[in-house]
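These notes open a run of structures that come right after.
Two complexes follow with chain A in common, the first pairing it with chain B and the second with chain C.
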Partner chain A sequence: MSRAVTTPRFPGLRAWFTMLVICLEERLAYRGDFILGTAMRFLPIVTQVFLWTAVFAATTRTDIAGYSRTDIVAYYLLTMVTRAFSSMPGLSGGIARSVRDGSIKKYLVQPVDYVSFLLAARIAHKLVYYVVAVVPFAAVFFLCRGYFPSAPDAATIAAFLLALLLSFLLGFFLEATLGMLGFWFLEVSSIIFAYMLVQYLLSGHMFPLDMLAGVPTGLAGVSVADVVRWLPFEYTAYFPAAVWLGKIRGAELARALAIEAGWVVAMAVACRVAWWRGTRRYSAFGG
Partner chain B sequence: MGRYLSIFLTFTRACLVRDMTFRTNFVIECLTSLGWMSMNLAFYLLVFQFTPEIGKGTGWTREPFFAFVATGLIINSIVQALFMPSAEELTEMVRTGGLDAVLVQPLDAQFLLSMHRVDFSSFANGLVGAGLLGWAVMRMDHAPPAAAWLLYPLLILCGVAILYSLVIMLAAATILLGRNQSLYDFWFYITNFSRYPAEIYAGPWGGLLRALCTFVIPILLVVNVPARVITQPLEGRGWALVGLAVGAALLALVVSRLVFQAALVKYRSASS
Partner chain C sequence: MHNSHGGPASTDAVIEVEGLAKSYRVFDKPEGLRASLKALVHRPSRVVEALKGVSLTVGRGEFVALLGPNGAGKTTFLKLLSGIITPSRGTARVLGHVPWERADDFRRRFALVMGQRNQLWWDLPAAESFRLHREIYRIEPARFERTRDELVDLLGVRKLVLQPVRDLSLGERMKLELVAALLHEPEVLFLDEPTIGLDVVAQHALHRFLAHVQAERKMTIVLTTHYMKDVAALCRRAIVITGGSILYDGSLDQIVDRFTTHKIVTLDLDEAPDREEFARLGFPCEIRGPQVTLRIDRQRIADVLPEILRGRQVRDVSVEDVPLEEIVAELFRSGGTAAPREPAGAGA
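== the complex of A and B ==
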C-alpha cells in the first residue's frame, strides 16, 4: 500500500520555523549560565554613571557636547537597548570555526541555506535574550526613570523602533560577512578582535559620538566625528539612542534612517557574495 | 614548594617556546592587546578635555589619574598573563570531563588548573603601564617618597592576589554550574569596578557599592591602594588602606582556596 506524500504548504517557512525552534531549545539548555550572563551586562553601566557624575561634579559645565549629566546616563542606558539588538556574540567566530573544522560542509549538502539558518539562530538567540532580559531591563529603566526626558512623540518612537530593527540586521550582516573571511584566512580571531575594537570605539558604545566633534583629524575643517559619520558603526549603538533623546530630528532623521537601510542592504549583499565566492574556493577539512 | 616552582618554570618555558614558534601570532596578540589599551587611554584623554579632575577635590587630576590607569595595567597584565589563560580552559574541561585527568595527577589541582598556561603577549600592556607610570609620576607636582616606592610592589602583589582569588572563585563556580561560559564576561564586568578611583562611588548608592566592593569583594582595593600610595601623600588613612589591602589579599587567598576545595568535592565527571 502506498502512502501519499504530503508536501507542506510553505516548505521554506516550515524549515525556517523548525530552525528557529531548534535554536531556541539549544539556547535554553544552559539556562543558569545564560541568565548570569544577561544580568551581568548591566554592571559596566553602573561604573559609567558614577564616572560621568564625578566628571560633572568637577567641572563648571552644565553640558558636554550637548549632553547634560542626566542625558549621558540616559544615553548609556539606551545604548544598552541598542546593543541588545545589534551585538552578535560568537557569530563571526562561529562561522570562521565552522569553515576551519569542516563542519560547514553539511550546509553545502543539505537543502538549508546557511545564511538563513544563521539568521534564524540569531533571531532565536535574541528572542530568548529578550525574554530573560526584559525583567532586569524594566527594573533598571524604572529605577533610572528620572534620568530620561519626557517620552518622545509617536513618530520618534516609531523611528527609534525602526532604527533598532535595522541595527539588528546591520549587526548581523556585518559580523556574518566578517566571519566569511574565514574562507580566505583560516584564522580570523585577530581580525575579529580588531573589528571589535573599532566597533566599540566608533559605534558610540563607549561615549556619545558628538564628543568627537571637537577632535581634529589633521585635515582642515574635518573632525573625527565627521569621519565616523561615513562609517556604518554608529548605527549599531549611537544612532537609535540619539533618536530617542531627540538629538536627530526631522529631515536629518529620515536621511539617517535611509542611510542605515542602505548599509543593511550593502552588507546583506556583501555577505551573500562572500558566501558564494567563499564556498566556490572552499576545500572541506575534517571527517 | 621547590617542586612546584620547578614545574611552573617548565610550564612557563613550554609556553614561551610555543609563543616563539608562532611569532607572527604572538606579535598580533601583543598589538591587539595594545590596541584595546590605547582605545581606553584615548577615552580617558577625551574625558580630560571636558574636566580638570575626576570627582571634585579628589586629587585625581590628569597625571595622578594616568598613574592610576598605569597601575591597573600592570596588575591586570600579570593576572591576564599568568592565570586567565588557564582559567578560560577550565569551562570546557568541566563540560567535557577533561578535568578528570587533572584530578588524578599527583599535584595540587588548584595549582595545575590555574597556572599551567602563561600568555606572554599579555605582558605587553604591563610594559606600557610601567612606561605610563614613569611619565605620569615625573609630571606630578610632588615626587612619591621612598616609602611609597617600597610599598608599591608589595601592594601590586596584593592586588594580583585578590584578583587571583577571584579567578579561583569563578573556577569553583564553573565546577558547580557544569558550564560557565560567562566566566570571562563576569571577570570583565566585576573588574570593571576597579578601573576607576573609589572616590567616584559617591552618594548613598555609591557609598553602598564602595563598601560592598571594599569589604565583601575587595575589588576596589586592587588598584586604588597602590595607585593612592604612589600619587598621594601617605597619611593616617593611607596607612589604614595599606593594612586593609594586605589583610584582604591574605583572607581572599584562604577563602578562595577553601571554596575551590569544596567545589571539587561536588564535581561530577562528565566523561564516560
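== the complex of A and C ==
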C-alpha cells in the first residue's frame, strides 16, 4: 500500500493555517458569550475615571507623576486596549485542565505541535473578540475623544503597534508556560491567582507605573520602577500605553522594546521546555 | 534504543514487544481529617505494576483482541504502543519505531481511538475535523476525498458530517471518530473499548465496518474490549491479560478448547420431565418447563448422550460449547490458576 502523503510547500504552515480557520469557526459558535464579556470589560474603566476625577478635585496639583487628569483617563483607556491584546482568559486553566482530564493525549498521538495549536487557537480567539469588541471600543473612544487632544507621530504609532504585538506574544507564552505547570501540580488555579495579583500590580493595570519612579528600593538611586522595567509584567499593559502618550521616547523606547522582545523569546523558550519536560514527566508517571 | 534481541526485524512483524513493563506510583488518600492533615507532610504511596513484562509479536494484517478485566493492563499496553507513556522496563517497536519517541513519521502511520474520548471538535461538524486531519496528516486532496467518501458511505453517516458533533448520538459520534482516525489510512490501528456504551445495532454496524476495512486494507488492528461479541465477530487471535501479565495468547477456538471441560447439552422434551430422573444422571442440570440443560464432560459426551436420549420423546437436541463469555470470565476470575486442559485431540 502506498502512503497517502504529499509534500506541498510549507505543509506545516498550511496545517497551522487550517487550524487557525477551524479555531475561528469554533470561536464563532460562542458569539453570545463574547458580547456579554466585552460589555463587562468597560465597567472597571468607569470607576477609574470617577476615582481619578475625585483625586484631582481634592488636590491643587495639575499633575501626578507627570499625568494630568486627561492623561490619566487616556492612560486607562489605552491599557484597556493593551489588555485586549495581552490578556489570555482561560489559557493557563485550559492547558492545566487538559492535562488533568487527559485530553492532552490527542496531541501526543497526532503529528501536531501543541504550542502551535494553542497559538492558532488564541489568535482565532482574539480575532473574533476584536470583531465583536470593535463597536463598543469605537463608541467609548469617540465619547472620550476629548482625552486625546492630538494623535502621536507615525513613528510613535509604529512603536505602539509593535509593542502591542509583542505584548500579545508575551502574554501568550507567559500564560501558556503557567498552564504547563499543570504537568507538575494537579491544581494550578492558586498559582494563576498569585500570578494575576502580581501582574495586576506590576503591569500598570492598576495605576501608571511612573508613580513607582519615586519609590526607593533601598539601593542607592534605584527606584521600584527601575526594577519593574526589567520584569515582563509592565509590557503587558503599561508600556504600550505609555508609548502612545509619549512618556517613553528615543533610546529609552528602543531599550524597552528590546527588553520586551527579549522576554517574548525567553518565555517562548520556557514554554517549549515546559512542554518538553512536562510531557516526559506525564509519559513516565501518568498518562 | 535497540531491540533487545537485535538483528533486523522480520518484515512481517508490525509490533514487536519484549519484556514491556509499566509501574505507576499511586498516592493513597486516607480517610478522615486527621489523616488528611498528616498527608500534607507525608503522602502515603505505593507502586502499582500495571504491566509486568509482556512480550509478543503482531504481524501485518492481524486483528488482535486484548481481553481482560478492568485494571488488567489493557489500556496501559495500548498507551505504551501509541507512545503516550514510556515503559518502566522493556522495549517495543511499532512499524520499526520506538513509539514513545513520538516521531512524526511514526505518528502519521497509526491511529488510536479511545471509546470515551473524542478527537473530533465538539462544537463543529465532523467535516471540519476531517479537513484538519487532511492537513496535519498531509493527505493528498484527491485521495482524502476518496477515502472520506468511502468511509462515510460504509458507515452510512454521510448526512451527519455537516452537523455539529455535540448534536450527535454516542453511536454516531463513534462512527465519525473512526472515519477521522482512518482518513490517513493508518497501517496500525489501536482501538480502546470502541463499542463501550453502544447499543447492539450500533455495535454490529461498527463490527461489520471494522471487519471490512481491515480485510480491504490489510490493516493491523489491536482492540481492547470487555464484550466477547466484539471478539467473536472480529478477531482470530485473542490475548488475555490479567494482573498485568499475558494469560493466554492464541486463537479463539483454542480458548474454548483449552479452557473448557464441558459441553452444554440442551433437550427440548414433549413435557416437563421428572426432576429426580435427570438428577440421577449425575451431571449439573437445570430444568425449565420442558427444557433441560445439562453440563456434560466433553470426553464422556459420546457415551452419555445416547443413554439420555433413549426412551424419551425428544423434540430437539443441541450440543454446544460453553459460551466464550463464560470461559473468559472464568479465566479472569481465576487469574490464570484455572488449569488449562491438555490440548484436545478430538475436533469437537
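Just so it is clear, the second predicted complex is superposed on the first by the 264 of 287 C-alpha atoms of A that agree within 3 Å, B and C clash if a C-alpha of one lies under 4 Å from a C-alpha of the other, contacts with A are read in each partner's own complex, and residues count from 1 in each chain.
FYI, a residue touches a chain if its C-beta (ideal position, glycine included) is under 8 Å from a C-beta of that chain, and two chains touch if they have at least 3 such contacts.
Keep in mind the model is a prediction, meaning the values are calculated, not measured.
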Touching partner for A:I64 - first (chain B), second (chain C), both, neither: first
Partner chain(s) touched by A:S190 [first = chain B, second = chain C, both, neither]: first
First (chain B), second (chain C), both or neither touched by A:L201: first
Partner chain(s) touched by A:L51 [first = chain B, second = chain C, both, neither]: first
Touching partner for A:M19 - first (chain B), second (chain C), both, neither: second
Which of chain B and chain C A:M40 touches, first, second, both or neither: first
Partner chain(s) touched by A:V112 [first = chain B, second = chain C, both, neither]: second
Residues on chain A lying within both footprints (that of chain B and that of chain C): 30
Residues on chain A engaged by chain C in the complex (per definition of touch): 1, 3-8, 11, 14-15, 18-19, 22, 25-26, 29-30, 102-103, 105-106, 108-112, 280, 282-287
Sites on chain B touched by chain A in the complex: 25, 28-29, 32, 35-36, 39, 42-43, 46-47, 49-56, 58, 177-182, 185-186, 189-190, 192-193, 195-196, 199-203, 206, 209
Sites on chain A touched by chain B in the complex: 30, 32-33, 36-37, 40-41, 43-44, 46-47, 50-51, 53-59, 61, 64, 187, 190, 193-194, 197, 200-201, 206-207, 211-212, 214-215
Chain C residues touching chain A - in the complex, by the definition given at the top: 24-25, 76, 79, 82-86, 100, 102, 104, 107-109, 111-112, 114, 117, 119, 121, 123-124, 128-129, 131-132, 134-140, 143-144, 147, 164, 184-185, 187, 217-218
